[in-house]
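Each structure below appears as structure tokens.
Shared chain: chain A. Partners: chain B in the first complex, chain C in the second.
And then the complex of A and B:
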């Protein structure tokens, strides 16, 4: 039976973030936390594999206890079980520390044949997690997967299409393999009522730093993160451009049109 | 080992089918500037066969040296060969920074070799600053969906790895150095380490509509666009001899292909004329635009987009689009 892991993340809905004009800080209050949209596509791809070849789909996320809601959303869409890696010690982690933490926590439950990730997160948007997790798992990797053509569990290979600049590659990769998923062919699954009910009752396994034998505390959270953010600043706004207002839309557009033609 | 033990900035020279990827030259030019400030040497690093004509272009960007690696395993790209290559080379030569173009393959191996070296990796910086006090590179990039700018550094570890989007920096060669040292390395990657096999490659059927990077006119729709209004913007783009593009939320709505997404995690554009309709002006979008004339239409007079435009109209986007189409059709 294929053991499938899907790595997901709960993110702030960045489109609703606002900056405090006084302090220049981001106002996070009231901004909803959502399942990273591209992770829903990764889950969808994992479920497609399960439907065709059988297997068990395990979710894993790292975040505050509230990240549980993102896991329940994925359970409702069809995942079998979920692991929440949560502990203050994991906080403030960059992609390097996060990849180490997640891989260490995932391996408590043994090895996985296939690992799925979204292409990037809405908030950090580095797109690095897939490759770094693959390194931690010692797995082959297919980043930018358009389509999974075949999984051959006996031969321990997967055949998949990968989007590259200007074309599409068809690759055969050995298992274990990590895939980051393009959303094109794997639309997010809409949970049905039965799924929602099941998700509500599902037990979510929680893992703290103390639960992971051999975890190097120097490699997690802030101490384990080589990248730092020494400062943030509001984007410098240039002077406002010339606003054309000739009294009516017709007149304003006519003015704009003459300006475009004149350039 | 202290970070002062690490010297030289590297740029990965990506070669596909005997041709250098333009981002490699852009990065050489930008890293040249950083090296002039830090007093380090700029080294271009390539694996496999690189035609002399391509190397000549690299030299024009002012590299101090070329590190050319030969051996089996580089005939085509593989995650394993390139991860291994940069891990080994960094351990041997200890560069302070490695810049990699954020192409499909660059983004595939750069984070992985950084993880293997246990060092930091940044992505999609839109500005690079050398800080002479800390001797760190400051990677400046829009964060949190473009609401704020973040400075990212790798203060303790080396090398500082960064992937940079094509088109972020200009290819503006400053000229050849008097001496360009060429180092030849042989570093084969054992075949059994490579765990992916290329079975087939199909070049995209060229859909000119999806190639917006060089278009002279761009009509860009933002999240204000209604699904049913899309055809009129397509028509406007056609009438202007340009192409339709969009912002991230529009691609997220799957209204348009993500290949048409302009900005930091999309395509960098440099049109003569940019018309943004219903675009709010998030930094990660506007950093992707280098326009001759920048026009913005939005109902919200406080939308940041008006701070980036040359001319703006505060009005309903569809009404303005209709009116422009009418004028263009009349050929007035």
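And then the complex of A and C:
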């Protein structure tokens, strides 16, 4: 049976996020947290594999206890089990510390054949987590996966298409393999009511730093994060252009001409 | 009398004359078109009053206009004369949180009105879909939309208004009961220069459910049953899978189900449930699940996250724009009694087959508003004879079934022959009183 891991993240709903223009700080108050939208596509791809070849889909996320709701959302859509890595000690982690923490926590449940990640997160948008996790898991990686063509569990090989500049290439990789997923062929699954009710009652396994034997506390959370953000500021928007519509092409061209001449 | 005689009395107003009139002022989204002889861009009620007074005296037609997003030619100056643009009279003047009201000028866009209400923790419910329409245009057509089932139409939210009558007199909506006709009067009875809108507390929590059906008739019948059982959905929409597929082929993602466990979905019922909190909504969903078995829907899909709800609404709103983007297209928007929506759609399919037009539907099942769309790869001129015959047949059928061809978009200049006699008489009396010279938006609403 294929063991499939899907890494997800809860992010602020960026559509509702505003920046304080004075301080440059994000105003997080009142902004709901949502499942990172591209992670829903990763889950959709994982579920497609499960539907075709069988298997078990496990979710993992690191975040505050409230991140549980993102996991329940994924459970409702069809995932089998979920792990929440949560502890103050994991807080303020950059991608390096996060990938280390996730990999260490995931290994508590053994090895995985396939690991799925979204392309990037809506808030950080570094797109680094997939590549870092592949390294940590010792897995092959296919980035920008457009379509999974075949999974051969016996031969331990996966064949997938990925987008490259100017075309599509088909890759074969050995398992374990980590795939970051493009949205196009794997639209987010809409949960049904049964799934919703099941997810509401599902037990979610929580993992704290103390639960992970051999965890190096110097490599997690703030101490383990070399990335520092010295300043945040809103981008300066360019001036709005002017639409010239003088009623006729001739009149509009004349107006444009006079503007160019600086009249 | 001619426009030249009016011009001298318009000093101080922003007047645009040919050839400088932008071509947009001669059309809307219906296809009706005629350029005006002058455009006045008003920025105050006093300016509107000055213009109407002068035009009334000279017998020159005035056609009020907002953003020009109408679907019935309501703002097209079919008799020439002056187009009165209210687009720049667009301020949001005041929100009174305690009283839950908003004072707004007619040119403000619906999207801005909604956003301003939300900034104050309130909401303005009417939503015909086109959010770049002006609130004045919404008031003129008494716009509704899918939410009208639970929340009613624009007129249910207009507490008061400042109105300029055809004579140039400035009055308040509350002054006389007759003035209520201005809301929904399509700019033929008076010009609204300010609105006081009623706002509401937003629902604590909501979820959008999708109930896919293997046959369309069961889908159409389900909404009536659900409403009769005491659920009060804010929306109950019939989504024709043909339209879901077509729109999905344009946008790249159909979102709504096309097939479920190998079974073809004929139509999906999109239902919005609201409650005080998440648990209250969940409770409604659970009891609905019991009813769903009887209704014979294939599943109940749930969108209760901000992302999912947004995705549903974006896909829903893409129906209209994806049809408009086709090489050739037509649409008929009418309302029929809610329990006759299926009958109407069956008729449309039949007459469409005779004429070579393949309709796709989206319907507000609770209120009976039906949008029939059709697209074609034929050139516009080739498609026009059959599509026009199709649309006319549908207008006539809507009246025959006891509905209204005006639907949600008003009568404008495209649906006049389909107005019921009783409504015609009522309107004529009002028109004679409020605009005896007939200068306001002639050729519109009811002739």
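Convention: the second predicted complex is superposed on the first by the 228 of 263 C-alpha atoms of A that agree within 3 Å, B and C clash if a C-alpha of one lies under 4 Å from a C-alpha of the other, contacts with A are read in each partner's own complex, and residues count from 1 in each chain.
We take it that a residue touches a chain if its C-beta (ideal position, glycine included) is under 8 Å from a C-beta of that chain, and two chains touch if they have at least 3 such contacts.
Everything numeric in this text was worked out from a predicted model, so none of it was measured.
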- Message: With both complexes superposed on chain A, which partner does A:197 reach: first (chain B), second (chain C), both or neither?
- Response: second
- After superposition on the shared chain, which partner residues are touched by A:37: those of chain B (first), chain C (second), both, or neither? both
- Task: Identify the partner contact of A:244: answer first if only chain B is touched, second if only chain C is, both if each is, neither if none is.
- Result: first
- Message: Just checking: does A:73 make contact with chain B only, chain C only, both, or neither of them? Give me first, second, both or neither.
- Response: second
- Touching A:235, do we find chain B (first), chain C (second), both, or neither? first
- So, does A:188 touch the first partner chain B, the second partner chain C, both, or neither? second
- Task: Using the touch definition from the top, say if A:211 reaches chain B (first), chain C (second), both or neither.
- Result: neither
- Message: Just checking: does A:153 make contact with chain B only, chain C only, both, or neither of them? Give me first, second, both or neither.
- Response: neither
- Task: Classify the contacts of A:15 with the two partner chains as first (chain B alone), second (chain C alone), both, or neither.
- Result: both
- Partner touching more residues of chain A, whether chain B or chain C: B
- Do chain B and chain C land on any of the same chain A residues, and which? 15, 37, 245
- Which bits of chain A are touching chain B when the two form their complex? 12, 14-15, 17-19, 24, 26, 37, 94-96, 99, 120, 122-123, 125-129, 131-132, 134-136, 140-144, 159, 162-174, 177, 183, 219, 225-235, 237-245, 249-250, 252-254, 256-257, 259-260, 263
- Across the complex, what residues on chain C touch chain A? 16, 18-24, 209-210, 252-253, 255, 257, 282, 285-286, 289, 299-308, 310-311
- chain B - residues contacting chain A, complex: 79-80, 83, 103-105, 107-112, 114-116, 118-124, 138, 142-157, 195-204, 223, 249, 252, 254, 264-265, 272-273, 283, 292-296, 301, 304, 306-316, 319-320, 323-324, 327-328, 332
- Note on the structure: Interface with chain C, chain A side, in the complex: residues 13, 15-16, 32, 34-35, 37, 40, 73, 76, 184, 187-188, 190-193, 196-197, 200, 245-248, 251
